[in-house]
């Protein structure tokens, strides 16, 4: 007591004002809701305000590395090749979904939905690095920026004299990131994509059903590993930025995306290194926990729907009851107490043969049920279960709407777009992420950057544009 | 000289392939001189040498750490999400203290398939640890503390007063109820960056649940709730349902990894703002596995908003790019990618050389000449059928060599043993073996941020016996001396690690 | 998988899609003329066949087939009696070409159709506004009418 009294009032722990006292009494959920204040992101500061980054990027991996910075408040300039632009702009699922325009000169070409969400908040300019004029543009940009991310084959920027070897002389505070597949070493020039990372790093070999069950290695949907690797790259950039503020020194980062896929497969490496045991695929079950897997139910939740994803596929449910009491309750519900008797210890039921027996029994039980019936029965019994959700259900979820992690936004270039990125990457109470716009048409901000930032006169810009330099 | 080996159980076979009999790497990587020749092929010898000189992995321990002086608490059970977030910072040199209950994080004890022989053993005490936990316990200190006791919480508050970041992974509101959540700690330490990491959320209609017996929601719930599972796997049109043609979860706890890395990114941004961009105060951050994962599920929900398309699974093919898939070949699976016209025609040239039929059916088809139209489903079927006709006669390594000649992004689908021996990966390396004090030789995935010129991320130690650092950390940051420590131990509030050096 | 049956009778190429046919034995019907062929594939190789099996019914149809010598006449998935359907699609319909959309599913304008009128300034620059009422007045008009009819929603 004595000690506390000597501390000045405002430095004591505990509420310091009426608001704080109120906040302390609030139910926890309400406190969180109030603190994150979804929908009011724009009334708060931005963590990376004042940082300017150059994005000489294509596809998903490197663009996303930079868009994380842009969402957190950095100003990002994306440099594309004139006409061709980011190849990702030409990708669309089954060639079916495009927004327009890509560019005025190509009124029939759209920007494929494939590029969406990877280039948030960036200014889009065009530049042909091959032209002699380009080098001055790049040097000007480098002098007034904090860093750059590029994804060209190793040595390409070096040939153009814009690799870190040259740029560190111009701007010692500059942080230079190369993102690609392999990096220095014998396969240095090997190109890479998301899927190559998955295949090459062992991730694919442990995903999917085992051949003994008729399965093949499965690819994680579209470009998950590209995105995931990009974010890890962002972590590297932020660490380098933090170091730079201490020392004034920039750095060069060589970031391999294939390596990121090798990073996320956990015990695979220690197990192989120590005993030479090669981890195998284990389908929809878990190698560490049981019951903790996905089963197929006999009935669809939407038998009359026209959409095959609802009519045929809405049949899978995740069931988790690995602790002893949970497992016992589950066995009681499916009327298979013999399984509980047989596998009372977790250690026993997580063995491969036990898992096969248990999950088969669960699917047998679920044969005459829909996944929502299964979820209801188990949830009412106090167990954990959840249907394998599809896009419609996620869109309609009151949860994600309330949290603002899925929201509609009128894009300044493309109109009404449903947004599921940026806000969902995490809620920050004081410096929330925000999205202004998605990708912009090719060269949309040429004037903004060349005229206003770099000071080139209109006549030069028009001339360069006509010559295809920008 | 063959030795007779009797195999009675799985355990007997393990000795035969253990590290002592089969050290890594089995095949040494190419020499630096040989690799220089690879750089020279594209006239990048000087640049290649510059990269090796400045980014060389084995120089990592000779360079400073980016996050030196940043102190982090990592508190949570079962999941990899908060552990991965902690790992990322610890690899950059932050001082990461993992707080565990005296009985330890349950993840410590989960062996693959429950097999004891897959557990690592501490050389001093014989204490066992799961390889999953071990691998994510890199550069971290293990401190035990029972947060359910008043005294444990008081000590926790003292630690919290001295740290910059907390990564927390308990069920929603649990820490708040104990009086040691963000609400209370931010008053003790206003500069604290507090990150809660979960599966669905700590607030909102579907917030994280625990079962009535107290069991937590763990990944793959995050994969299930994000739509990832619904879109991953082969369609029943290509493989029968129940035999691989089902929605499929990742083999890894991928939602945990995604949430963990976003937690690290958000925390580092908050730290930058606090220290260098005028913030001067901490904040509360919340990241969930489901949301962090659908954040990166491409355009999928936007597509639903466009024309009510519900993204379907397409196996190892990609609905947006052609070619961009793996297909079976003679000795496994081969991945080939190249979407732009330039790459598309190079792939075609390469395959046509062996298989003229490919030229007739693929190269000449007018629909396949247009980049966007190539992604139509019928074109995928056609392209991959013919490509696999070429693949079935060849091994992965032959195909890779041929395609690399044409500068195509191509790679074999490798199994973990092959990854660990792949020359490029050994050369850099991407997996590496550390000689740990407690666990001996441990193979681990190298941090992808290890290739920074000035402040590379690195692994200094891996795995930690339960409570190894309790005494040191509590002494340094909570002022708890030996007498007090013994008292705490007697009352079960902490567990202290006592190595038996006779066993060394 | 990984093989084709080029039917000499009707000059149709039937594509035996990967994965499904990698290890497969049975009878498959030609999409062009319905001729039934027996095949036995092991690890992608045609171990036996294709052998004609006149009069027998096929176990399976190809997903896709075409006639390269006949202007690339296509048999898309799901033509009754010729190709088998591909069910696991995102919608009940399959287009394989751009689905032009003027409104999002909540009834607000989205720039999802071509051709688009020119709308950029010098050097490709693009303002931070889509002047839909100016460039595509008919869409704007339709939007106003939708609003009146209550077809414009928040979600």
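Should a chain be cited, it is by its letter among A, B and C, assigned in written order, with residues numbered from 1 in that chain.
The rule is simple: a residue touches a chain if its C-beta (ideal position, glycine included) is under 8 Å from a C-beta of that chain, and two chains touch if they have at least 3 such contacts.
A quick note: this is a predicted structure, and the numbers were derived from the prediction, not measured.
Farthest chain from subunit B (centres taken as the mean of C-alpha atoms): C. Think of the whole protein's Cα atoms as having one middle point; the chain whose own Cα middle lies nearest to it is A.
Here the CA centre of subunit A is 29 Å from the CA centre of subunit C. Each chain gets one centre point, the mean of its Cα atoms, and the points for subunit B and subunit C are 36 Å apart.
If you average the CA atoms of subunit A and of subunit B, the two centres end up 14 Å from each other. Shown for subunit A are the residues in touch with two or more other chains, namely 92-97, 216, 307-309, 312-313, 408, 416-418. Touching two or more other chains at once are residues 234, 236, 239, 303-313, 315, 328, 373, 376-377 of subunit B.
For subunit C, the set of residues touching two or more other chains reads 19, 87-91, 94, 96-97, 99, 104, 106, 110, 112. Taken in their complex, subunit A has these residues touching subunit C: 92-101, 103-104, 107-110, 126, 216, 306-309, 312-313, 401, 408, 410-418, 437, 440-448, 450, 458, 461-462, 464-465, 470. Per the touch definition, subunit C reaches subunit A in the complex via residues 19, 87-92, 94-99, 103-104, 106, 108-130, 132, 154-155. Per the touch definition, subunit B reaches subunit C in the complex via residues 234-239, 303-315, 327-328, 330, 357, 360-361, 364-367, 373, 376-379, 381-382, 384-386, 388-389, 391-392.
Residue ranges on subunit C touching subunit B, taken from their complex, read 1-4, 13, 15-20, 22, 43-45, 63-64, 66, 68, 72, 74, 76-77, 84-91, 94, 96-97, 99, 101, 104-106, 110, 112.
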